[in-house]
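Here the structure is laid out as structure tokens; the discussion comes afterwards.
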């Protein structure tokens, strides 16, 4: 039983991590209908910039508490990512807004390759260990362990989701975003400056990416120029599972994907009498995804919208 | 309207032309040969180095390239006469992206460039298909790090490696786990790469033969960062030892996560994890972890300390396989010197007969091209450092004999007490 | 300019000119390996062979993405199925050595079945939802290839399958050097010619498909599925057919890849590979065969050509300023972005398709106007 609880906790935390990235993904998708393949790389850049700042702070010998150092790292990473996100949208996506949708997908892939290699040149090819700055006191819960950092990550993901929901549904800017997402041209006619709205969306999404990057690196204690790719892919899967473009869906999809992966890795062996093992974890996750999409073709919380094209 | 496609053609052709123009730059690299006034004619001999220089394994690839580069620079600095001419070695480094297809393309590229020998590739997955191309072209290949037994089982004369293969290493690790670490209930994790799976399978065989029970077999992948799910299910099976077949980045995080999940088992891994990166990533959890590495402890070998210092000063810390790439290069060059020829056909017999003392241990090849009776050293992490535990195989005499054959030319020989040092 | 343009239009219609152009092209393609080998080295002949292989793949994906408008991010799965099918039945793995002429069509048929297998559950999905399911499908196939070495060893797992039989046509082994007409034909040349022949067949097939009833049905579905259904098109069957056709092209090139390479392992069939094939299709111009061919050739050749960044720097600045390995993929990424920014519909888009795709009504109207002008 305690093993099962532990697997649930593992899945929940992993899911919160996916959700952190997926929220940024889904926000951009919600407004532009664009799969921002480069989002994972922005997460990576956030982690790397924060790491550099943290390394300098740690080396300088100034006695600051760990969380403060981490916060300073994040504070440095956020503007960098925001500028980056703004620039990506301005240079790589905006000129293609009226082009075939796949054109923007290819530039997104191009941006992703570009950022990876720039990061490789700046930070080198090796894995970096990310100092353990945040408290990780373990707690017992129904025979399983969960630590402060894990609790914090879950709460943070929920808080960010709540914040974004508030932003989108309760503020003027949010209304402009929804209008743009519904129909950019009409929104423009109604006095919404759609270029600004889209830029702001990217900037916010990138700031979130920085937060996600720092949290993920701090949690696992590792940062690497290639880390964005797998994260991006998983987050994309999570976002689609929940209904891409839907903020609560990204959260739900993330958590679900995390829990499915955990339980899959933990119990496939037992379920199939040892025939299949944890190497089929991703198969299991994708099968659940296919099943969900067969029953609900627009994801769990996605609205049934007519094909935009 | 019709002009657009025409424009496309023009653009395409222009691009193609530009590319071919780029392509044409290819032949000139061996140009700097023009310094004629030297009395003995200087010959440029090319040595290829292939490893992934982009992508997730590029840090290891660069490490291999640098090992080869250091060896070549040293030999060039000394100056070497082969076949009556002064030879200057030139490194041709190619990126195979750890992709088998790209591996064959760059292999053909090196063949075209008429390299005298190849040090590479890093992964077994690229080494095997490339070996066919080198074999067809009659070029000698020494891999510093491909450990899949199949590589040398293809019957190619010119395929060598300077590292114990998966079978040798897996067996050593399995025996060690049972007999020295007293493991009875073993859980195995591998990363589903050719290396990790190969090593884990051999380990499993040896450990089972030794009488241990396999309580869990779990799997992850070489890009994973979260192992909590499989570790939790392993925890439920209460093993006393966890073996991991895979690389350092995953092993490091795995050990750290084992600690947070309070999995109370020893951790054992192969050479892929025996790196300083591992210790950095695992943090305090690294203490007590055991991992093997083919060869003898570097700092106890003649020239080993010197190698570490030189390499570190030049390229930063050694990742994993740089010393092996270094050894492979020097072994290749030594065979050329002995045969007094840089023609693979001529020096191949000498290479097969090699018996020299490398920085990673004694190097000699068996009939297949595998390292003969290669020693394997086990290390344990203590206070944030890898400390040698014991060396298995390689003619138990090897460590003692090591200082003897090659006179310790390097300054104060750093190997006075290796034999006594066994803990 | 317009005079030149008119003249060109005239020339284009002259059958003699057309035939001369075809003959010149054919001569060029036949002579290409010799010229390339002489000018750049044999590695480039190998790159050309791979380019042909990828053209077949890209044309297969073009059916699914370009014609039928179904975004497929797991296309490499069919390539993998074809490759492993050939590898398993023509290698020491099971000790079975079936001949190439049998394996190639069978491989296509098996891949085709997998295509239907993927197509069936995804019929209701659209756009990005379809993309993620196909991506998942690609991963599932790869994961099975990696793991089916236990409990029964089928695929040999991550170790891959080695010593695959080279392709033999009758008694003619492509893996040997053959003398003919006073020239010598090494293995790579032989494969080049085989791939060339099959690529031409695939191109021909694609062209015929495009103009066929099925081809038009695909386009109709791509433009508006509901309207297509209303016009009496059986959208289910037509979509499945697109997946099946696309997959069978993938299966064929997979078999060729296995025979050419002599070794297959799951590493060759990752998501990145799928994404690259998609880039080839889109970069050149979706749904337009010459565009797809151009895009593929560029994307295969570009990363290889960028290896010369080192020597290029040497020539320009007298020394290597930046490690070419660092720059290679960076420039590649940059090129992807630039090409798409400058030519959003691809380098060589089909004229019809481009009009249809323009989301902006005004552009479409303008272009219609130009068409009108041109025809006047």
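Lettered A, B and C in written order, each chain numbered from 1.
The rule is short, and it goes like this: a contact is a pair of C-beta atoms (placed from the backbone, for glycine too) under 8 Å apart; a residue touches a chain by one contact, two chains touch by 3 or more.
Computed from a predicted model, the values in this text were never measured in an experiment.
Visitor: Could you tell me which shape the graph of touching chains takes: line, ring, star, complete or other?
Guide: complete
Visitor: By the contact definition above, name the pair with the higher C-beta contact count: A-B or B-C.
Guide: Between the chain pairs A-B and B-C, B-C carries more contacts.
Visitor: Roughly how far is chain A from chain C, going centre to centre by Cα mean, in whole Å?
Guide: That gives a centre separation of 32 Å.
Visitor: Based only on mean CA positions, could you tell me how far chain B sits from chain C in angstrom?
Guide: Distance between chain centres: 35 Å.
Visitor: If I count partner chains per residue in chain B, which residues reach a count of at least 2?
Guide: Counting only residues that touch two or more other chains, chain B contributes 54, 58, 62, 192, 219.
Visitor: Would you please write down the residue numbers of chain C that are in contact with two or more other chains?
Guide: 146-147, 329
Visitor: In chain A, what residues contact two or more other chains?
Guide: Those would be 117, 120, 279.
Visitor: For the complex, give me every residue of chain A touching chain B.
Guide: 3, 6-7, 10-11, 13-14, 17, 117, 120, 124-127, 129, 132, 136, 138, 145, 147, 220-222, 224, 226-227, 229-230, 261-267, 269, 277-279, 281
Visitor: Taking the touch rule as given, give the residues of chain A at its contact with chain C in the complex, in rising order.
Guide: The contact residues of chain A facing chain C are 29, 35, 91-92, 95-96, 98-100, 102-107, 109-118, 120-121, 233, 236-237, 240, 244, 275, 279-280, 282-283, 286-287, 289-290, 293-294, 297-299, 307-309.
Visitor: Give the list of chain B residues in touch with chain A in this complex.
Guide: 54-56, 58-59, 61-62, 192, 217-220, 223, 225-226, 228-230, 232-233, 235-236, 248-249, 252-253, 256, 260-262, 277, 280-281, 283, 319
Visitor: For chain B, which residues count as touching chain C in their complex?
Guide: Against chain C, chain B makes touches at 1-6, 8-9, 11-12, 15-16, 19-20, 22-26, 28-29, 53-54, 58, 62, 93-95, 98-101, 104-106, 108-109, 111-113, 123-125, 128-129, 132, 136, 148, 150, 154, 192-194, 196-198, 219.
Visitor: For the complex, which residues does chain C have touching chain B?
Guide: So the residues of chain C touching chain B come out as 5, 8-9, 39-44, 46-47, 50, 146-147, 149, 157-160, 162-163, 187-188, 257, 261-265, 267-268, 285, 290-291, 294, 297-298, 301-302, 304-308, 310-312, 314-315, 325, 328-329, 343, 347-349, 351, 354, 367, 370-371, 373-374.
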